[in-house]
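Listed after this line are the structures, all set down as structure tokens.
Consider the two complexes below, in which chain A is the common component and chain B and chain C are the respective partners.
And then the complex of A and B:
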């Protein structure tokens, strides 16, 4: 008798399973074809750390305080700092060895001026490792949604991942 | 237009037949040629179906897993994917392991393929569209489907590798245990039709399909089918998460393609047999018999794929106890009930 009940309940669970897979088969696929459709990163997406540009002056907010370079566990951040007439410091050169960067976000957390953010750009593959040494110009990122250039030559507007920090 | 061409072909065929029957030699040539033509026709039917099925399987599995499946090779929906795969397989290096038993290793894929091919002989695709209407059709079928296990065992033993041998042994155990309930389930249908001929079984279902009369028999047949086809949940011979790729681990290139071909050809053949036994074969309104046969067969194949992508693989001991403790008694009960029904009702 017990085994008979087992058979019936087993068959019922089999039917339920078929129902689950059928429902999934009738749904729209959650995946899509990547180069044809661009995946827009969600909030909190971590690309390479980038330097936020002040929209008023057009210059980077970074003061060259080295907090990020000290926070970096791998030591992939280095910079050269100069001083303006009004005693404000600014970086003349900012280097990120993205090939060794592990995208841990520690530099962004260490920044006291909110001058570093993780970029939403993820199409960063290069043919030569030395192309992964990013300089100041490469790392500049405006605060408003940026246009990310695509592999096929088109551009897509992507807003900063992480949004405004309180 | 189409009937006109058919009539002309019929006339041409009759003329050639008449001319050939004048001498013993030429009638012999004609018989051989006609048989060869049938074989080529079956192989063509088989290969085309396999190409469609590999694509279909990937699409069905993709949809069930909420993916898109193959999309790149030609529009729409990557329909040429299996063609590209086939060309790729043909270009692969043909490797025979040094410690393998060369003869067995080489013969095994051919045996597998031939076993799949032989099933098509008795599949009725229309009132007269059957290669050979054997009067012992179902007996022939039960014998021929067991040949698959020969190919699996030869491959497993001949490769001389632990994975292939384990896969082959398990495959043999599962196929042999499931053969018995399958044949017993089919016996119920044979009793209802009063004949072993597949054509007669289809004709016996002109009123009511056997699925209505033999629901338990059908379920047993369906379960045994999965073991016979080496498909998940009963894919003991492959079991890729445990045995690399089971019995065909050491195969590559064309020989592997033959196993692949045999696997899917078996799927078509056994689905066609399932349709013949339980869903009225080629019978149906309006559309021609061949169309009904193909529609039903493909619906059956989609059902098999649906189940395959729903269930996980069972363990070998679960498989065997299910076969002997559930399927065998169920098929015997089905047989007894059918006998009582035929005798007294």
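And then the complex of A and C:
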């Protein structure tokens, strides 16, 4: 008798489990086909640290103060700095070894001029490792607003440019 | 190819009917690169010896060369399934060393984030544990629900796995707009999903037969081996750091601590599963009473704690994560010792596995929920 109850209850737990899978089979899928539909990252997504540009001139607002390079745990940031006639400093070369970067946001927080921001770009795969050495031109954030999504499901265009030269 | 016995001599030699079986390091059910050397007599395990260290990345040594704030993103890489709790353990240790007062709101946010992380971590555990026992479907469902939490974390700090969110003196930023509403939606959805998991897996007869009475550890043994977290509570020891030694703002909240009785795979799994419910309850409490104010205390740009040493511990989803910090007054920690619960629990493996069959071994490893990143550091 006990074994019979065992068989019945065991079989019933199996049926209940199948009921759950049936329920889930009828739900709408949570995945989407990526290249056909692009994923819009959430606002604040950390892609890679990139340089904010002045919306008018299109030049970076970085002053080359090296605060980010000092804050970086791995030392993946390096730059060369020159001085203009009006004594203001600007970077002539800015390098980020993205292959070693761990996207920890410490450089962005260290920047006293808000000249660094995390790019929402996530398609950063390359065929060759040396292509992950980003230079000044590559690191410039676009002047046009970039689409990002919010937690409430809306997509908004956010400007990543701006700021006064420090 | 050389036999394993030649590479590593077996103490006492092999018995007449005994065989050495190498489980791992690339076994899908070892949750990473864990190698377990099994001495089996037929199908029965006579001895199980875990061999760890394949994922060693010199975490403790690397920390000594970095400044205090720079170590925070590194702690993410220890227990990568619950990175927030690791960061919390580290920043609490540094704050203790500095004697720093953390703003009230940051304390509450830390509880909120740590509990969300606990649910996310237990969902990964639930999925992989079911996968180990041969049920593929719960894994897909658990990962689907975890995605809600990852979305919340992405909006919060911009990353989905290695968050780098906790800061010495508080947290990086306040909650983004819509966080509260999305979390409440998740809280509303989750209990029904947990009931589904129960119907699908936790109440399944085959699962019960495979987990009851397997890998038993008595309460005395668990305490003697230094177990903590659900592995300890599964044996019926009522010990939870969040309640018994509250850190952050845990002392302001009511916490339900589920307990097991027999200390077998079933009870440990039960504890973890029920902890998800307890955490959801806690998250709701935090959302109700989140204060206003600053989220980050003012700290100097270069943090130089006074010379001294501290030990700080938190209850991670796996057990007690402890950070032992020694400062010599410089900008870099002199010594960082990381007490990883998974590493401690792995010691229990020979005890748990003895006398069971190889298929049970997989269930036992799943039930102690080891993360090899944390074991090897």
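Quick note on the criterion: the second predicted complex is superposed on the first by the 116 of 166 C-alpha atoms of A that agree within 3 Å, B and C clash if a C-alpha of one lies under 4 Å from a C-alpha of the other, contacts with A are read in each partner's own complex, and residues count from 1 in each chain.
Everything below uses one rule, namely that a residue touches a chain if its C-beta (ideal position, glycine included) is under 8 Å from a C-beta of that chain, and two chains touch if they have at least 3 such contacts.
Being a predicted model, the structure only gives us computed values, none of them experimental.
Measured by the number of chain A residues touched, the leading partner among chain B and chain C is C. Once the two complexes are overlaid on the shared chain, A:3 sits against chain B while remaining clear of chain C. Applying the stated contact rule after C-alpha superposition, one finds that A:30 touches each of chain B and chain C.
After overlaying the two complexes on the shared chain, residue contacts for A:90 are found with neither chain B nor chain C. Looking at the shared chain after the overlay, A:14 reaches both chain B and chain C. Applying the stated contact rule after C-alpha superposition, one finds that A:41 touches chain C and leaves chain B untouched. Looking at the shared chain after the overlay, A:73 reaches chain C, while chain B stays out of its contact range. When the two complexes are overlaid on their common chain A, residue A:22 makes contact with chain B while staying clear of chain C.
Chain A residues in contact with chain B (one complex) as well as with chain C (other complex) are 14, 17, 20-21, 24, 30.
Chain C makes touch with chain A in their complex at residues 66, 69-74, 137, 141, 144, 147, 151-152, 154-159, 162, 164, 172, 176-179, 181-182, 196, 199-201, 203-206. On chain B, the positions that touch chain A within their shared complex are 60, 62-68, 71, 306-307, 309-311, 325-326.
Within the complex, the chain A residues that touch chain B are 3, 7, 14, 17-18, 20-22, 24-25, 27, 29-33. Interface residues of chain A facing chain C in the complex, by the touch rule stated above, are 9-10, 13-14, 16-17, 19-21, 23-24, 30, 41-46, 71, 73, 102-106, 109, 118, 150-152.
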